[in-house]
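Naming follows writing order (A, B, C and D), and every chain is counted from residue 1.
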Amino acid sequence: MQGPLIDTLARQGVTRRTFLKYCATLASMMALPPSAGRAMAEAMAAARRPSVIWLPFQECTGCTESITRSHSPTLEGMIFDMISLDYQVTIMAAAGHQAEEALRNAMLENDGKYLLVVDGSIPMGDPGYGTHGGHSFVDHLQQAAKGAAAIIAVGTCASYGGIPKANPNPTGAVSVSDIIKDKPIVNIPGCPPIPVVMTGVLAHYLTFGSLPELDAKGRPKAFFGETIHDRCYRRPFYDQGKFAKTFDDEGARRGWCLFELGCKGPVTYNACATVKWNGGTSWPVESGHGCLGCSEPDFWDAGGFYKALSVPADPLKLAAAAAVVGAGAGVAVSFANRAKKGAAKKAHQPITLADLEK
Amino acid sequence: MNDLQFLTWVRGTGLDIAVGIFLLGVLWRLIEIYTLGRKKDLAAPRHAAGASGLHTVFRRSLPPPGMLKRSPVSYIGGYIFHIGLAVIVFLGAPHILLITNLTGLSWPGLPTQFIDLVTVVTMAAMVVMLVDRINKPVKRFLSTFEDWFTWAVTFLPVLTGWLAVQHLLLPYTTMLALHILSAEILLVVLPFTKLFHAFTLFGSRWYNGSANARKGVPV
Amino acid sequence: MSASLDKVTQTLKEVIDAPIASYFDSCVHCGLCAEACLFYTETGDPKYTPIHKVEPLRRVYEQEYTLLGRLMKMVGLSKPITDEELGEWQELVYDSCTLCGRCSMVCPVGNDIVYMVRKFREGMAVSGHVPDGIRGATKRTVEIGGPMGLKWPAVANVLRKAEEATGVTIPVDKEGADYLVLLSSMEIVNYPEYIEALAKIFHKAGISFTLASDAFEATNAGIQIGASDLAKVIVTRIVDAAERLKVKYVLSPECGHAYMAIRWEGPNLIGRPFGFKVVHVLELLDQLRQEGVLKMKGMFKDPLILHDPCQIVRRGGVLQAPEALIRQVAENYIPIADQQKWNWCCGGGGGASAIHTEEAEALRAKAFGVKKRQIEEAGVGTMVTFCANCRITIEEALDHYEMNTKLLGLTELLAEHLED
Amino acid sequence: MSLDAIPIHVITPPAGEPGLTGNAPPLLRELAEQVKRLLETGESSAIDLSALPLTPTDLDWLHEKLGAGEIAVTLQASGESTLNETACPGIWWVTHRNEQGAVTSQFIEVAFVPELVKAHPQDVAIGLENLELMISDL
């Protein structure tokens, strides 16, 4: 299935204009100038499909579901088809030794050029927690990373450890970037991540031969540059101080801000509010539930999904005891003070005229 | 520790420690101060309208005759930043939510834009107060490390809160965490610095007012 | 620690109480008290900021009565007070503080700073860092009977002259009289007209009164210097005499701090409430005015202003009487901006007028600037007051500035215009 | 089940409510520059409207100012796209929609003919092949 992408698309009944339109939209989403859409289309049309190796570790397959299981065959899905996915254990036909053979071949043939996609976190507590063909996940990752041009960590688990890393982290789960230090890594967090972010990163790589600009957490700035809160259509209600207090009150029905119900939108950087989900149908806040912050590191342990950001993450445990200790200290000092003052009074010797002299 | 962990810590353990030290300090200091006792006044009291401890508690919130003109910066700046702080702390929606969570009391807040404006004005007033402290010979003469320190400790929560909301300097998550941390520092140092006047000023005004009320002088 | 310093902390430990603790913990160093202090407003020197005058007291409070202060002292972060320091503070506590109490009126957190200064003086007194003038006055009062060393025969002489001038008998040691009249040495020596005026008024009103040969002196230098034990000795003489003569009232003279000492400090010094009432002469006069006994003939014509002595008005609570009385007798009374409880001190209260060092006198003259402006702004040639100590101080200042302002005592002014 | 059955209704501000941010007028100047460039050098350009902080009211204002021209092109390519000439020839208002009809991106294009309308030479070549095939079949 080698050959320019446009030919493959044409065979699938995708016209050039459809493709151009898609590229224009993609460029817009990635905050690239309008002219980039055309450049993108031309580059991608002529691009050869890169070899992609997909390694799943401690994951739930939700990321794969998100990207491959769309309602209708979308362009995202098609572009995804257009890469040479040489190893994806979940969806590939081959199994066992055959699959491992495919992996070895792909790594050998495309050494230094393939893209490595990882979903799931890597258990470091005991190598036995996760193995493939007798090798631990961490060995797999290190092997595959050696010859990779770049690594794309898909999902919060691969990006930041995710739910496996949640307290008390029984498997000692870590992220890809905790292990691999010498390769360019793009994190596409989210539980699951937004499909278009994935294709956007691929499109960028295919067009410009490089990875998009990343933020401090290794995420493409184009999609993770702003918080959910800042792009949220309910933001005006926050500014006006109108909040839903419960999930079924008047405020909730009128679509007011969900901040008080624990929405993590203010501290979550993602594109849900603009790109939306399910082909642009809706997204969590629009459906009436606060953002969980799933694309942020350690979102699982950030004090509870239904607790507003400005309230204590944990119930105050020390406060009552501290108050008692404080009162105790105060009383102790006051007894000491009274004794001291009493002693001073007792020791009082009437002041005489002689005392006034130096 | 990443920014969200930092935020979770300041919202959790950090807040617990800060509120704990605050309560501990407040109770300890209040008891320490007010159990020292005082002698009963044996002189026959005189009564006068408007003279009592309670009257003075309220009356001292207004500038005495002629004083506004003598020290306009202290009064106007002081009013603006005290009222500003109160508005921000007690009428900002996220702050009300915290108070509600801790005490169960709840009341409506003000629009974000208004709180924003109040914040800027408050910060401006605080900067003016600082400049006044540097410029004015009396204030400079009286100032110790504690005065500069408590100014900074009071200013930082306002500044970081504003920066967080405006998305300036640092990502929101980090700035929010710094904001909460700075407010916690304020809570921790409050009982042990001159900031404790927030509590003792009522006692002081009352003592002054009631002692002078016995003489029939409304002060 | 020297024996005397030990005694200082011991004394301060005794006097520090909850109000002082609350005041120190409330201070935010806003400096507004300076704006209310004439020693600061007239000199511009920040060291005269009232709250700064009790700085050593703050340290003792923190080191003795707060847990943190004790710890800081233990690890050496907080230095104990020293004798030199107290020596430095003598000027701030005595020369440049008249206990006028204006600062206590303006402090936004409500600190009664003058209360703190009074308590601090207790410690200063035993440290020996006290002005010679006040020490001498205290000594004379305790040993001889009055701050000026006046003895009864001299007083009796003045009384005899007053009897001659007025034709009214002035009873002495008369049991059962309504009023025991107290005088201040200053009045006896410098303003005997006061005694004459009083005799006339009592006679007119038909009120019985007496003087006590063993308790004629109202002033109490012990209060000013800050030695409660000595103040108690002085005030006990009056209480004993009043109880012996079974009077209903003790009449405080015009003198400000005398009123403070007998009316407000007295019962606290002796540790029990009085069985008699203490009345300031103006209170009595105002009562007579209201009863219609105090009828005037001919009014005083020249425009004049009133100087309200701090210890009688602001710190003493005689708020309404002075103005009511002056309006009774003066045709051209001009109320000033800062009057009654907001009046500015003459600069010589709290014992300051007894300090005769060159620096203290120069400072006093400078501090008088505020009164000088009041007189000049009102554009009057006459000022009336009702405190012998204020009169002395103001007269000295008028001389110093070569002003030809006429200074009158309120009681005398009333007596002069009394209907026969 | 239609969405209306769910008792959650988002209150959207009524149309015409003041929502002008003042960000739209400078775009007209920018467009004028671009049209000048088009005339002088033939270079076409575009403004990505979704990348700019414009409210719906701002967009309406722009739309109204630019007006409607003579040509309206509709493109059916996984969702409808419209490429409409404005009252200022050379300025085209381009809206891309997805299959659900939601706007996915919006541009103002400055060109004699929008790029997307022009047939690509390769596609024309394929068309020619088809045409020749047709002729040979006659």
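Quick notes
The definition used in the following text is that a residue touches a chain if its C-beta (ideal position, glycine included) is under 8 Å from a C-beta of that chain, and two chains touch if they have at least 3 such contacts.
Note that the coordinates shown come from a computational prediction; the quantities given were computed from them, not determined experimentally.
Between the chain pairs B-C and A-D, more C-beta pairs are in contact across B-C. Separation between the centroids of chain B and chain C, computed from CA atoms only, is 37 Å. With each centre defined as the average position of its C-alpha atoms, the distance from chain C to chain D rounds to 90 Å. Spacing of chain B relative to chain D, judged by their CA centroids, is 56 angstrom.
Centroids of chain A and chain D (each the mean of its C-alpha atoms) stand 33 Å apart. Taken residue by residue, chain B touches two or more other chains at 28-29, 32, 35-37, whereas all remaining positions touch fewer. Among all residues of chain A, those that touch two or more other chains are 329, 333, 337, 341.
Residue positions of chain D in touch with at least two other chains are not found. This structure has the following touching chain pairs: A-B, A-C, A-D, B-C. Within the complex formed with chain A, the residues of chain D that make contact are 7-11, 45-48, 50-51, 75, 77-78, 81, 96, 98-100, 102, 104-105, 107, 109, 115-116, 120, 122-123. Residues 16-23, 25-32, 34-36, 40, 44, 46-47, 49, 51-52, 65-68, 104-112, 115, 263-268, 271-274, 277, 314-317, 319, 337-338, 341-342 of chain C are the ones that touch chain B when the two sit in their complex.
Those residues of chain B that touch chain A in the complex are listed here as 2, 4-5, 7-8, 11-13, 15-17, 19-21, 23-32, 35-37, 93-95, 97-98, 101-102, 108-113, 167, 171-173, 176. Against chain B, the residues of chain A that register as touching in their complex are 160, 216-217, 227, 229-230, 238-241, 243, 259-260, 266-267, 269, 293, 296-299, 301-303, 308-314, 316-319, 321-323, 325-327, 329-331, 333-334, 337-338, 341. Of all the residues in chain A, the ones that touch chain D in their complex are 14-18, 20-22, 24-25, 27-29, 31, 33-35, 38, 72, 75, 233, 252-255, 279-281, 286, 288.
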